[in-house]
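Each of the next two complexes has chain A plus one more chain, namely chain B in the first and chain C in the second.
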Partner chain A sequence: MPDLSLLKVNNLKIEFATDRSKILAVDGIDISLKRGKTLGLVGESGCGKSVTALAIMGLLPRHASISGEVFFKERDLLKLKNKDMAKIRGNQISMIFQEPMTSLNPVFNIEYQMAEVFKLHRGKSGKEVRPEIVDLLRTVGIPNPERRMKDFPHQLSGGMRQRVMIAIAMACEPDILIADEPTTALDVTIQAQILELMNELQRVHDTGLLMITHDLGVIAQVAEKVVVMYAGHIMEYSGVKEIFSDPLHPYTRGLLKTIPRISRKTKRLEEIKGTVPHMSNVPPGCRFHDRCSERLARCSKETPPVSQVNGRTVRCWLY
Partner chain B sequence: MKPLITVSNLKMHYPIKKVDSFTKYDLLKAVDGISFDLFEGETLGLVGESGCGKSTTRKLLLNVEPPTGGEVFYNDENIFTMDRSSLKDYRRNVQTVYQDPYSSLNPKWKVLKLVSEPLIVHKIGSRKSREVKVRELLSLVGLREQYIDSFAHEFSGGQRQRICIARALALDPRVIIADEPVSALDVSIQAQVINLFKDLKERLNLTYLFISHDLNVVKHISDRVAVMYLGKIVETASCDDLFDNPKHPYTKALIKSIPVADPEEKTAVAALKGEIPSPIDPPPGCAFHTRCPEAMDRCREIIPEMFSISGDHQVSCHLYTGGNKTV
Partner chain C sequence: MALYKYFIKRLALTLPTLIGVSIIVFLLIHMIPGDPVDIMLGDRVTDAARLALEERLGLNQPLHIQYWNWFSNAIRGDFGISIRSNQPVIEEIMSRLPATVELTVVALLIAVIFGILFGVSAARYRNTPIDYSMIGFSLLGVSIPIFWLGMMLIFFFSVMLGWLPVSGRLAMGTAIPQVTGLYLVDALISGKIGAFWDALKHLALPAFSLATVSLALIVRVTRSSMLDILSEDYIRTARAKGVHESKVIYTHALKNAMIPVVTVIGLQLAKLMGGAILTETVFSWPGIGRLIITAIGVRDYPVVQGVVFFVAFAFIAINIVVDLFYAYLDPRIRYD
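Here is the complex of A and B:
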């Protein structure tokens, strides 16, 4: 099959077994990512964004049962042995996590943690890689890298730590970078710097970027295609311009209306009624129907299929 | 109009042990001489990045700890020197809502006890009348009365924040200090809680001090906005004025940094280089000069004072020293 996609996820399902019940956290999603492009994954907490990322990385705990396919360079990552996956992880696919405070090891200095990547994937040892580490830290904008690499994580600020995380993730020039809420813990002025940096690195290395966030502003600025998730389902999947100018799904429309914006002052914000359902107790039919303002009679009974509207994907009975 | 609360040159300098000494201390200047008025019936937004002193300001206004300098006046009395009974009255009238609704509710208590705790502390009403009051409060914040016997873990984040708001309203306060009340909530829930804040303000004639790092939210809810940087207020203005016509380079950069939810409008550029300096050893002169694109020589030496530009638009920056000096 001639497919230009770097990463292709087909019908991915992730289920967690708990003592009481089984929870289907992600229910059959299909996404694809091209080289040098950015795919945005938006949704509220508990919709399955992060679990999807962890499944691609092969980092889910053992009690999670995963089905479907994750194709990366014509290999199904889900069928790989742990040993083979370890060669890809951090080397060809890497990930940046939300919390720069907790994803670095507090008892090792920056140089050691960065050298680890080179040791694992390039087989190079401590002293050889020092110039490379200095270079990397300089490209992510850390001043005085020769001195800073001797620092421990607690000596760096949040923005600096996130820069180090990006440097580690980019160390092996991966084909795919998965960023799970990379700027949520940061201040706006720092967020702008980090987004600019990621954009720059992506351009230089032609990396495919999977950007997971709940912030529609960030998505609008960085992504080319957007996936809107709700309660484990993809609700809408299309180009970023279409999503913002002509959202098809009522949930997307609701999300866009609820965010307060600087450029537009309204008396009252539009609300989406109700709350995000807990995954152990998803409503039957369309998962959004109990909060939807445009629901039809069948929405509460039958789950809408994924349909194509002008080349865009949407899961709603309206189409 | 007379302000309800007047904050005058408030300072909070925490002593921090020096790393290389057993006896010497550095001063962490969390709040370094801020002054503002809170007028009855208005919503004052307080914005700034993390570590700029927003939350310390809240702590001082609630008189959780004494400041190292300055005064806060309520009814012409300084809250840090007033007697016990007036302080109790002050605390009745100034209530707070915290950021994290998960950690600010006791997991062992039911809603009835959670919401009526302030009434018990202030010895108001009987057990029966308190229960009636709690039911009223629950319906006021949009929760069903049946929830009175539920525990906090049974609620979602948005509902928990509603419980926190009900608790803050239990004593019929005049002022609510809300510290990042929506930043822990999902976007679709944020809108509900912001609308609730707006409705309650109209119905109960409340005054808000709304502390947030999210400029979108602040713009939406505030009448006036004060921008803080490194323990100081750098600009105050009416909400529309501040966003349409920002004066201070920091405010301009802050507004520019927000990613706009519109792919046609690529605006989020890194307007500022570098990071917030440490409040332990803030830069001399204007604290912002290390990151300011328009820094001049005198910014590095002289601390700018608050200048009034027009009406209630005040800014503390050497670019505008032509204005009329205030204070």
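Here is the complex of A and C:
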């Protein structure tokens, strides 16, 4: 049966070797992304979301060792030479980051930073692309683009800078857009606008979107499928409706309780007790066991395998 | 705009700085024991002759009057007559200035170009043999005294290998038509390739000795500044756009990393001017440094005053240029 996935990640493992210890940041994950669809990647801080995204982009530092496969259009990106990977980055696969305030280069103006992508991937130069830049900036909702493109990053607000980042990422109409917590640093109204904008661009260009966040509220708005990650493992992987109506994994249930609801505004938000284990010292058994309220006897000794429940993937001894 | 106001303010501060410097130097040089009259006439001379000379040089007047006389002439562009040579001070300076300018500019170019190149390579290939050798070089470079380095270079390249001349600006018999007084430039203008080569060979050792300390410092600052910048988010963005690694380094990172490097280069200019005096002495280089050393030796007050005034002026001018360069590099300064 032909696999319609645009991006297919098989058994991805990422390890950082530091002076004293080894950190197994991602321990064998499988995900796939289809054209025009959105895959949400959720989990608390430090569970390996950004590292996964950077591995797909080929942007991990040299001291990271990566194994597994990342298939994009029949090619394993992990096997590509740096030069060939550079041709894909910013062109067929783009990425936006969590830190809009610092993600643009302070010493170049917006026009330069946008024109660069056209120069690199379309072979177009300087004045030629000016109309396209103006169009793009207008599309992402920047008023007065002719004047604004002469601005330097410090002259724009965080929301505006993130819009510029989106414009840069969408410039070459990529097949895949990876968004690593694109709205976390922005305030709530701007957050909604940015998500709206990304949805719109995705629909127009039929882009596959990998949306990384620790906020299930964002996932509910944009994603079709969700991967719940914890300590380098995938704990649950299923459709967004099922995740919200019938969460299987105790960790997913814990995360769901942390979503603020207007209906219970007085109560303090619940949170999952304890913290994510540090990845240089992974506990034996289920990685979530010391925080799990439904723990069984075997949970602290044996690692639960990945199992299928009604076509959904879950890693827990309860199933 | 703010930059323009700032520029005016800097210019307005120039005059008080120059006055301050000239007063300090005036006091210092008059505090050195011995005066030009003693040195020129020796002890076996009548008091009458001594008084006559003192009178002629104006040295019989109180210090503040002497300073005022000097200063009121100086602001009209008259720096007086050298006691030693009887030539106008301004001519003495002008005839030696090009030699010093040529030496310091070439030294500065060596320090800046190689300093940045080495520093960037060290950061790019961090924790590799390339990096280690750059660190080693810069540790060595900052701790070598110019005097000693100059002599070692002469010993090795001139005496032992015989590749380069020991001293001076040109070989005997080589002539270059004087236009700017910068021999490299003049030789090129007049199309004398042989003379250019000769001038370059004479310049090589002094320029390298003078450059070493600054070069080593620039390597160090560039390296650490680059390492900071390379971990910035916008560098990751550049890579995510598909920018080729060498362009990430030399465009996206370097322009940011240059901001602290420019500060150091500005500071190094003062060091280079000081170092030029030593270098000119070691290599018998006929520049301002030699002039002022000789002038101090014979207490040639007008020449010392004139040279210091000039150097201070040049220094202030250079600093203003450095500040303008800042504004070019960093838009956050330009638009504040």
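We adopt the following convention: the second predicted complex is superposed on the first by the 308 of 319 C-alpha atoms of A that agree within 3 Å, B and C clash if a C-alpha of one lies under 4 Å from a C-alpha of the other, contacts with A are read in each partner's own complex, and residues count from 1 in each chain.
Here, a residue touches a chain if its C-beta (ideal position, glycine included) is under 8 Å from a C-beta of that chain, and two chains touch if they have at least 3 such contacts.
Quick caveat, the model's predicted, so the values are computed rather than measured.
**Q** Based on the superposed arrangement around chain A, label chain B with chain C as either clash or fit.
**A** After superposition on chain A, chain B vs chain C: fit, no clash.
**Q** A:160 in the overlay: touching chain B, chain C, both, or neither? Say first, second, both or neither.
**A** Only chain B is touched by A:160; chain C is not.
**Q** Is A:168 contacted by the first partner chain B, the second partner chain C, both or neither?
**A** second
**Q** Between chain B and chain C, which makes contact with more of the residues in chain A?
**A** B
**Q** Considering only C-alpha centres, what angle arises at chain A between the directions to chain B and chain C, nearest 10 degrees?
**A** 80
**Q** Examine A:106 and indicate which partner it touches, taking first as chain B and second as chain C; both and neither are also allowed.
**A** second
**Q** Touch check for A:229: first (chain B), second (chain C), both, or neither?
**A** A:229 sits against neither chain B nor chain C.
**Q** Answer with first, second, both or neither: which of chain B and chain C does A:90 touch in the superposed model?
**A** In the superposition, A:90 contacts chain C only.
**Q** After superposition on the shared chain, which partner residues are touched by A:188: those of chain B (first), chain C (second), both, or neither?
**A** It touches chain B, and chain C stays clear.
**Q** Determine, under the contact definition given at the top, whether A:220 touches first (chain B), second (chain C), both, or neither.
**A** Once the two structures are laid over each other on A, A:220 reaches chain B alone.
**Q** When the two complexes are placed on top of each other via chain A, what is the minimal CA separation of chain B and chain C in Å?
**A** Result, nearest C-alpha distance in the overlay: 5 Å.
**Q** Which part of chain A faces chain B closely enough to touch in the complex?
**A** That would be residues 44-45, 157-160, 187-193, 195-196, 214-221, 223, 240-241, 244-245, 254-256, 258-263, 265-266, 268-273, 275-276 of chain A.
**Q** Give every residue of chain A touching chain C within the complex, in rising order.
**A** 57, 59, 82-83, 86-91, 94-95, 97, 99, 102-109, 116-117, 120-121, 152, 154-155, 165, 168
**Q** Using the touch definition from the top, list the residues of chain C that touch chain A in their complex.
**A** Within the complex, chain C contacts chain A at residues 232-234, 236-245, 252, 255-256, 329-332, 335.
**Q** Residue numbers of chain B touching chain A in their complex, please.
**A** 49-50, 156, 158-159, 186-192, 194-195, 198, 213, 215-217, 219-220, 240, 243, 253-273, 275-276
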